[in-house]
């Protein structure tokens, strides 16, 4: 499947990926409104770790055998057998955050429900990749699962 | 005030035509006049001319100088120079006939001269080079004099007027040549100067040309590095110097010179076999200043034959035909058919592909 | 007390600022910072150099850099800039330094020259329909070619450099610019079929794979010059002078001499890299001749040798001398050429425009009948393809560009190269800044720029009725001056518009 790969040597710590992830998952899809006026505020599903010298953007790996899916008590968290994308069905999620506790890379964010990267399925290209000014994030075929 | 040729560059359109007898049989100028006359509309009465090879068999060892003089004073000064630098065998006014449309004629003289042995011993260059330098010197330094022909056993005849009138004026039906070329000129602005009519010649070189070369100044500045002076600012002048430089002075074959002037495109060169590619690349790299660009069709006459050459994009028309021992070239097919209605072969000359018709040993 | 007021003002549109902090983290000059609330972004404007990194990266376009609007009592002579420079020197006691190039409003002759186009008497040529050739060969050429009787080539040509475009990238050393910037140019050069130039900083091992499109420079400091360096290139360039700073050498401060720079230059880490003003083995033209032939000997006559000089008052005579000394390619660099650092007074006052220098040198070489034997490369500010077409029509074989590709890579002409804090990752060695310039992206942008210029050059050639750049070279009839004096026209060797 295609995954977002972070190339840490190219990461600038500008955090635009976070900004545009929030915007992409906002109601208005407008960068200013999403950040200043929306309530609840949209949550970034990607996080830049580190500092200006060494940084890297971390987001969901869409694991082959996802711990979050295995741990989910309601079956809200699921892996699409065709695309391989791990996502959370918000209508079934009760916000217990078991998934957050078991995620090995810390890529599930707390909220009313669990919030995580969905690879921007609606638009086809993840917003973080599209807006990275230095191509530190790339969306590439990495092989593996999609069962 | 309108500027004279040479003071300003004048773009021109033209008609050209040529007849060559490959067996070397000589024939009168009547046919070439008829051929060029058919393309009357391609010229505008501001220049016409002819070059004829094989016309002076009785003086074939002598350089034949055809000279225009504005006045007698120019003639006296030029003759003083000529007699000092050449052994002049004979000289005369070139016979002409009265033609209504040809006016303001200069004095027109011809001289048959040989380079004196004494001069040859002094100089480290050959008789051709010596003669070329003398011609360039007269044209540059003697006001009112212009040498418009200087080859052996050949001559140029030109004037301000339509080419058919020019032919009649010079009584070309009385001359017999094995090769004739003709030119009718359509300059865009000029008061008309006899020296500016074509063909342009130097030694045995004569060039008639139809087109306007866009590379003119690149070519001019290239040949001027080798001592030529482009006084007339015409394409024909610079093309003549390019041929003279490449073939006479540098010893390239006419075919190789054609590869320089209308060079194969890099795309074509890149696909050539190794050795040919190496040669063509070297030619283009070394002689890039001699590449002629823009529309042209030229007929180059020299010692050994006639070369027809079209620009590499084929932006000007040029037709070739054959019948019997004769080869014809003309800007328009009709100009060939009018004198040779049923040619055995007739075809457009390909762009950038030289066609060379060698002269036979003259038989009579 | 600071006697100077800031040059620029940072205007932040608070109704758009989302406090993402990108500006804070991206500004190497530390202009932007968070207030104690961790949300409000403030700016120390006195540090701003107007490089526009913050404004460019700001996701909401909330930042605008403006000139600091300070009223001075009007004075045509003692302008604010003049006063600021005095204040700077009064404070530091030092020579004023600047980056990039001469920023004074001297005449730009390119803008006073117009091109021709075909009408009626000869056709213009459509580059989309007909082949349009811009391939160029550099190197020493014989005056004539000789052939054997069997038609085989007898003349042995000296090595020639094939360029698929008459545009090359000028010398910028590793040290003055980052490895990533150099690598971007190298990658672009390979894709474009042209050459990049290592400058005088030696060759980083990471660029060795690009030696087939490299020019290596031998300058007065001889940094990084050894056998392998000379052998891994297309041609060798002896740098005598640079347009931005004729007559003086270079100084790369020790703090920029990182481990990598020290390895490439072969000097101790952290030591100042000083290029002397002259080559101390070249005090005369005959000394230059010896160096040219030593380099040829050292490379078994396989590499052409170029000599680069700054365009100065008598440069046409110097060019002729250099050509006769054995240089295969002569490079002239005009006074608008760029630099990583130069004393401001030198940058702004020494040398002459490349337009005049080029025209004079080309004519001089023709007068001496040696123009055809040597290649002439012009450098010193080509802003667009029209400048290049005009330079070739004046007589250049090819041109060097550097500022334009740097702009393509992000440079905003803030002229602070000498500080080493380049926010765009170009003129810096700081790893956190260097990584901002991703060669993968930047080489594409440079390729795009030159490809666009190539297209434009072909359009202009076609309009003039030419289908080969060979026929443009030295074709000054394609040029007309506008608003120039007779003297300027005669130096340029062109007629006035309307003539």
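A, B and C are the chain letters, set down in written order, and residue numbers restart from 1 in every chain.
Basically, a contact is a pair of C-beta atoms (placed from the backbone, for glycine too) under 8 Å apart; a residue touches a chain by one contact, two chains touch by 3 or more.
If you're wondering where the values come from, they're calculated on a predicted model, not measured in any experiment.
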{"item": "Central chain (distance from its CA mean to the mean of all protein CA atoms)", "value": "C"}
{"item": "Per Cα centroids, the chain farthest from subunit C", "value": "B"}
{"item": "Centroid spacing, where centroids are CA-atom means, of subunit B and subunit C in whole angstrom", "value": "47"}
{"item": "Rounded Å distance, subunit A centre to subunit B centre (Cα mean)", "value": "80"}
{"item": "Subunit A and subunit C: spacing of chain centres that average the CA atoms, whole Å", "value": "44"}
{"item": "Residue numbers on subunit A that touch subunit C, as the complex places them", "value": "9-16, 18-20, 31-32, 35-36, 52-53, 131, 133-136"}
{"item": "Complex contact set, residues of subunit C against subunit A", "value": "15-16, 18-22, 25-26, 57, 59-60, 431-432, 435-436, 438, 440-441"}
{"item": "List of subunit C residues in touch with subunit B within their complex", "value": "118, 121-123, 125, 130-131, 133, 135, 137, 139, 141-142, 144-147, 152-153, 155, 157, 160, 366, 369, 371-372, 464-468, 470-478"}
{"item": "For the subunit B and subunit C complex, residues of the former touching the latter", "value": "9, 11-13, 188, 211-219, 221-222, 224-227, 250-253, 256, 263, 265-267, 275, 278-279, 281-289, 291-295, 312-313, 315"}
